[in-house]
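My questions all concern the structure below.
Each chain carries a letter (A, B, C, D, E, F, G, H, I, J, K and L) given by its place in the written order, and its residues are counted from 1.
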Amino acid sequence: MKEIVIINGPNLNRLGKREPEIYGSETLDDLEKQLRDHANGREIELDFFQSNSEGEIIDRIAEASDQGVSGMIINPGAFTHTSIALYDALAGAGLPCVEVHLSNIYRRESFRQKSFTAAACDGVISGLGFYGYIAAFDYLLSGSARRSR
Amino acid sequence: MKEIVIINGPNLNRLGKREPEIYGSETLDDLEKQLRDHANGREIELDFFQSNSEGEIIDRIAEASDQGVSGMIINPGAFTHTSIALYDALAGAGLPCVEVHLSNIYRRESFRQKSFTAAACDGVISGLGFYGYIAAFDYLLSGSARRSR
Amino acid sequence: MKEIVIINGPNLNRLGKREPEIYGSETLDDLEKQLRDHANGREIELDFFQSNSEGEIIDRIAEASDQGVSGMIINPGAFTHTSIALYDALAGAGLPCVEVHLSNIYRRESFRQKSFTAAACDGVISGLGFYGYIAAFDYLLSGSARRSR
Amino acid sequence: MKEIVIINGPNLNRLGKREPEIYGSETLDDLEKQLRDHANGREIELDFFQSNSEGEIIDRIAEASDQGVSGMIINPGAFTHTSIALYDALAGAGLPCVEVHLSNIYRRESFRQKSFTAAACDGVISGLGFYGYIAAFDYLLSGSARRSR
Amino acid sequence: MKEIVIINGPNLNRLGKREPEIYGSETLDDLEKQLRDHANGREIELDFFQSNSEGEIIDRIAEASDQGVSGMIINPGAFTHTSIALYDALAGAGLPCVEVHLSNIYRRESFRQKSFTAAACDGVISGLGFYGYIAAFDYLLSGSARRSR
Amino acid sequence: MKEIVIINGPNLNRLGKREPEIYGSETLDDLEKQLRDHANGREIELDFFQSNSEGEIIDRIAEASDQGVSGMIINPGAFTHTSIALYDALAGAGLPCVEVHLSNIYRRESFRQKSFTAAACDGVISGLGFYGYIAAFDYLLSGSARRSR
Amino acid sequence: MKEIVIINGPNLNRLGKREPEIYGSETLDDLEKQLRDHANGREIELDFFQSNSEGEIIDRIAEASDQGVSGMIINPGAFTHTSIALYDALAGAGLPCVEVHLSNIYRRESFRQKSFTAAACDGVISGLGFYGYIAAFDYLLSGSARRSR
Amino acid sequence: MKEIVIINGPNLNRLGKREPEIYGSETLDDLEKQLRDHANGREIELDFFQSNSEGEIIDRIAEASDQGVSGMIINPGAFTHTSIALYDALAGAGLPCVEVHLSNIYRRESFRQKSFTAAACDGVISGLGFYGYIAAFDYLLSGSARRSR
Amino acid sequence: MKEIVIINGPNLNRLGKREPEIYGSETLDDLEKQLRDHANGREIELDFFQSNSEGEIIDRIAEASDQGVSGMIINPGAFTHTSIALYDALAGAGLPCVEVHLSNIYRRESFRQKSFTAAACDGVISGLGFYGYIAAFDYLLSGSARRSR
Amino acid sequence: MKEIVIINGPNLNRLGKREPEIYGSETLDDLEKQLRDHANGREIELDFFQSNSEGEIIDRIAEASDQGVSGMIINPGAFTHTSIALYDALAGAGLPCVEVHLSNIYRRESFRQKSFTAAACDGVISGLGFYGYIAAFDYLLSGSARRSR
Amino acid sequence: MKEIVIINGPNLNRLGKREPEIYGSETLDDLEKQLRDHANGREIELDFFQSNSEGEIIDRIAEASDQGVSGMIINPGAFTHTSIALYDALAGAGLPCVEVHLSNIYRRESFRQKSFTAAACDGVISGLGFYGYIAAFDYLLSGSARRSR
Amino acid sequence: MKEIVIINGPNLNRLGKREPEIYGSETLDDLEKQLRDHANGREIELDFFQSNSEGEIIDRIAEASDQGVSGMIINPGAFTHTSIALYDALAGAGLPCVEVHLSNIYRRESFRQKSFTAAACDGVISGLGFYGYIAAFDYLLSGSARRSR
């Protein structure tokens, strides 16, 4: 059975509580529910992971690589813009991967324009809210997903 | 009836002929066919437009704004990185809009990392090939699409 | 009889429709009417030209140079900040010329602070709305206008 | 009765003596005379002020704000490019204001391209010589002048 | 008897009148009153000085150094970001000194992020309003104040 | 009862052992004792937290937000200059907050001049040693503290 | 029969009229005549194309690629320094190509030092006037010309 | 007995699995075995530590400082380029230390050229594979090792 | 009779008191005495001027220009690095002029490396202490001094 | 009789041995032979010079200037990008000169994009292999060669 | 028999005389003696070369390449940071090579942080004094040395 | 007997022949004669040295250091702006030294504004022509010359 790992980075556990004018009022649980509903009836295991710790996220990516999962969806939050270690982890994992951002990072502060992690993913979806995760999910299950790097 | 305008910018008429190791061997006609197949059975008019001229693309966006279409999907090609006029046109149109790139621009030359146009769109999908257009289409038809700007 | 060419660049055909909080609610036709009213009774031909195409604007400048008109008023819109070709066209035309911007570009995005074209004009009026065109017109008819470059 | 304050910054007392190939041979007294002639017959008090001291200019702007004058015309000279304190003074004054430069700063040294003060004015007129002051005057008396900031 | 000199730089005489959404509605007199109340009963002379002139502030710092005062509190206003001469004056004075800003300069324009003067002070308090002056005062009277530089 | 959380970031557990010429010879326990002495007799709970892990600090800030504490004092150590995730955590917490640095960061390496976190705090106190924490504490208990962001 | 396409970009139709101190007094017709004279007696078709429009030049390059011509000589004028779209067109064409500039761009404004298009050509000849086109022509007919990219 | 601590940072637990074309096919266990073989017969305790967490590495360095070990060998992985906190930890530890990189960072991406941590070490060995650790070990046991900082 | 004006800028009145490890223990009076001794017996009037105010220095330069003095020696202190207005004043004066710095500015902070004023002088002498003024004096009296600009 | 000096800079003596995938397998002797064959029958003396020493190349250029040769062809190799002294030598020589590069420097590392020397030559030919020398030779013998600078 | 060439660049002949606080008091002869002692008993020829001339070092590298030596150890001194020609020479030589610096360049001036030459070597050892040469020697004799580039 | 070494760098042997509008028409021999005349009657040996080779100049500085001469006057020509090796040589020599430039480098190209070598000299004299050498000579013989560095 196929397995997709969904990784959410720092402060995403605060979704719905934090700056709702940017990130909306729905929570991470709502996201999980929407994705499970979307996957419903298909033979796919969804594994959700959230951490505020760069090290734990790197550990989880390595684990996913060892498990040989079918794909990863990652929203690295602010680590997107600062973490070369996360880029290395993703590049070393060799798995199909899509980076997702809830908000459109091109409309935000200049320090959010740079993405270290995106270059280690198949592609990036930014600004489409929860729908970005669903589109990433569908992409990974389509025939066109590549092994990243 | 809803109408979605799909705008492809410079050199995208060469799709399938030009640098297939980056852009694949399928053509713009293949893209149109895939999108029409995807939309099939729904009450949506799809309007495809391609031009190598910045001015003609600005004209087409203004026209779409006057028509009050439901949404735009735009792949501005190289204009993404250089055209403030296109940014102004999109920002002035006030329409839901998704920017799409076939390749993952974060894996390419540094001069392709900057996007002027993205800040005038709801969001950006980059690196997912033709699937990016389909995801953009589904997003625009979902309830969550916003008026850009 | 003297002839003044007034050139408006990309997206200025959308004046009154586009971002009225920045550009106001009056249209390009209103501008033309105000200028013609202002010129009224004087032996001056006013020639208005608007295009979203950089190439067509360059063509029009060359034509004005061949016609030996008395002066040009140009609002290059977003081309101000990106077009070296327009700078070359203006510098090559050898005509008195004033660059006009409706909004005060010093209050806007950092990418609007640079002007390629201004260095090929006699001077620049920015932020005074339609009045900027009228002041440019009066300047060109005063004795002090120079041949640009 | 309306009152317009005209402030000229450092070295403008040397007009006519200093670098005439850039600034012309007319003096500040000539400018005052031309403006008074232009205003002639209208109920407007013109108050001319020149100083080489940043502090005195800030003092004069504060005084104008307290007097509630109708508008200011300021040529901050070289302070344009270096003085944040002058920007603060203008922004804090809350008066309609036009920045004027005799020469076209876009044709000069790169360190003259940046203007701190312009962002605290309604707009800028650059490169039109004494005519720039007259146009600024007319603008301030027109109905369209805004309170700066 | 100990003496503390409180120096306020350009535009701070306009406190309460200028941009109250940033600086609040209290005036410099209110600040003086609050500090005198706070010092009340202690053997300390408070000497308030405000000027919009960089030169006069430098003169006052030199005078304080000659007087051998116990400490200085300085809010250099916009000179913070532009004046190397003020940095030299403070560094040359050899007095305990605290730089104070009413607003949080890290939340403001990028040109307010740089401080020349801070490196010649013991430390900086920014964003705490009038309370910043009181905290600076208490610091200077505590045993831990150093001679700056 | 009011509660103030004091968060100290990486390497501050080494205070008194590490580079005493910069940070002094007192330890974090000394700081806690001084603050508790200062608070003595007031109905305030002080909660001290130190971690070398960015993730744990983000967790603690989220917890403080859920607890609805009265304010936070944070010395983010080196994370000040590198962590956008911490900025997001502070901005999302919506609590009154003061950033404190023992040393004057303006006198140190250029890479310590930038603060990501400061823009999510009410203000910053830098260079006043332990006194900075006491001043921050007093500020938070004064009436003037704001909810950050 | 071999075919060489010679493409001249914006403002080169003004050759001989525009800034003769930089570009000389000969016209584009003179260039065409000299190249035809030079080619005379050889079985080569020369196709001259000039446009001020970026889009039309991209169209012409695509057409040349479809025709499978033997080589291109391109003077992109000011587009050299600004057009990534032209770079993409040349790179996608897969034809031997030489970039030519009449003047020595290394002696001119700093904004003319950068060439986007050169990296998609076999090489560049700059500063040798009309002779540059003749040398490019001879190079393309020599055995050593490569397919660009 | 002397003790040397060998610290490996993020993603080095993946050695031999991750990007073998850059890092080779040997694992961290192989490295440990080679170093123990090299040390064999000498009175030296080798202590190996790997973590993907910046905080845990800082903790381990502090511990080593308290233990008063003879020296440290550290490969900070991607933290080399981003972690000021790690620099502070090393500088504060006051121990002889050599930074080691398996690959030659000068041949890699530009964001790997900068090292924060190197300035807090005695020196750096880059590009010599596992041999770099052996050379660092020999250096630390030679008489010439200094206390870092 | 020839007249030489010696202008000393901000903080130079503190010479001998301020940072003697950089500037030495001699005062401005000592300098004046040394220069008068050096000039002794020659028909030259020496006029010394010191101010901490940029505006007063500009006034003094204008006055020197009107007086038609033989030359100026100027040590603009920190204004060297920040004042375009002083550059304009010197350039506009049209007098032979030498810029002098007591310390070698190339050995100091990076913000002291840039000189706005030097480009408006015949030349610069830096790092030779009081001797620099004497050499400047001799230069101005030699036949080779030029009118600046 | 006319004389042309051909100067080849550092590492060009290794042509044919060094990085043949960039520079081809032909040697400097092959180049000399091709140029002599090309010149055959014409009254021109060809003088070849190669050195890895910047000083010797400067000496040779000075000698050529004293000899009053008809022109120079120079491939400064890596000195192109770093040597202001070579720029000075060429500018001071006052001879017609063409800079040649075997490879297209626009396709290579960013540090090869800058040319100091080009601004002291008539023009530059880059990327056309040995043919570039032949074209430079023909240019120098044509009537259009200028004295450089 | 194997041969190792040790190349020392500019000013290294002054070792022991020049800035001993940075480079120690041992001389280049001491280094040679230590390396010969270390090699003693092994069938290896050591060839020492020092020059202050970039050209002579390039010559020596070319010679080593022709000789087909087993490896090079190079301390390019200040040429490390400025010489692209040396980079080209090393890259063209195709020999195993280690770059050595006596001091830790990461602790020195910012202009010493960049190394052109390192990218053409197997690796770099910096800050370990003479031991760096010995480690480089052992590396070159180990089985793991690669041909550079 | 005292000895002063005067070192002139690249292209200064061309003085009087090269760009006389910048450097004047006098030659290096004229300079030598003027300096010898100036020194006449004093017990000083003057040693003139000119080279276009960076290596030879470094050699000469080392020799001067070994000789223990009284001082050096150096005009490093274009090496001023590019040679860290020359900086190292001067810093290592430990001799009183003055850097001299004939022209005012602040009035020339931006790449001539930076001086590596100046920071290793007592001071710099720029723009005073031959007089600069004479002033440097007098300075070195005065009591105030320091050992550089």
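By our rule, a residue touches a chain if its C-beta (ideal position, glycine included) is under 8 Å from a C-beta of that chain, and two chains touch if they have at least 3 such contacts.
All values derive from a computational prediction rather than experimental measurement.
Note on connectivity: the fewest chain-to-chain touch steps from chain F to chain K number 2.
A repeat of the D-I interface exists among G-J, E-F or K-L; more than half of the contact pairs are identical by residue number at K-L. Once the centre of each chain is set as its mean CA position, chain B and chain E turn out to be 54 Å apart.
The geometric centre of chain C is 62 Å away from that of chain K, both derived from CA atoms. Chain E and chain H have Cα centroids lying 47 Å from one another. Listed for chain I are residues 53-56, 82, each touching two or more other chains. Under the contact rule stated at the top, the pairs of chains that touch are A-B, A-F, A-H, B-C, B-G, C-D, C-G, D-E, D-I, E-F, E-I, F-H, G-J, H-K, I-L, J-K, J-L, K-L. Those residues of chain C that touch chain B in the complex are listed here as 9-11, 13-14, 17-19, 51-56, 77-79, 81-82, 111-112.
Of all residues in chain I, only 53-56, 58-59, 62, 65, 82-85, 87-89, 91-93, 116 touch chain D in the complex they form.
Looking at the complex, you find that chain F touches chain E at residues 98, 104, 106-107, 113-115, 118-119, 121-132, 135, 138-139, 142, 144.
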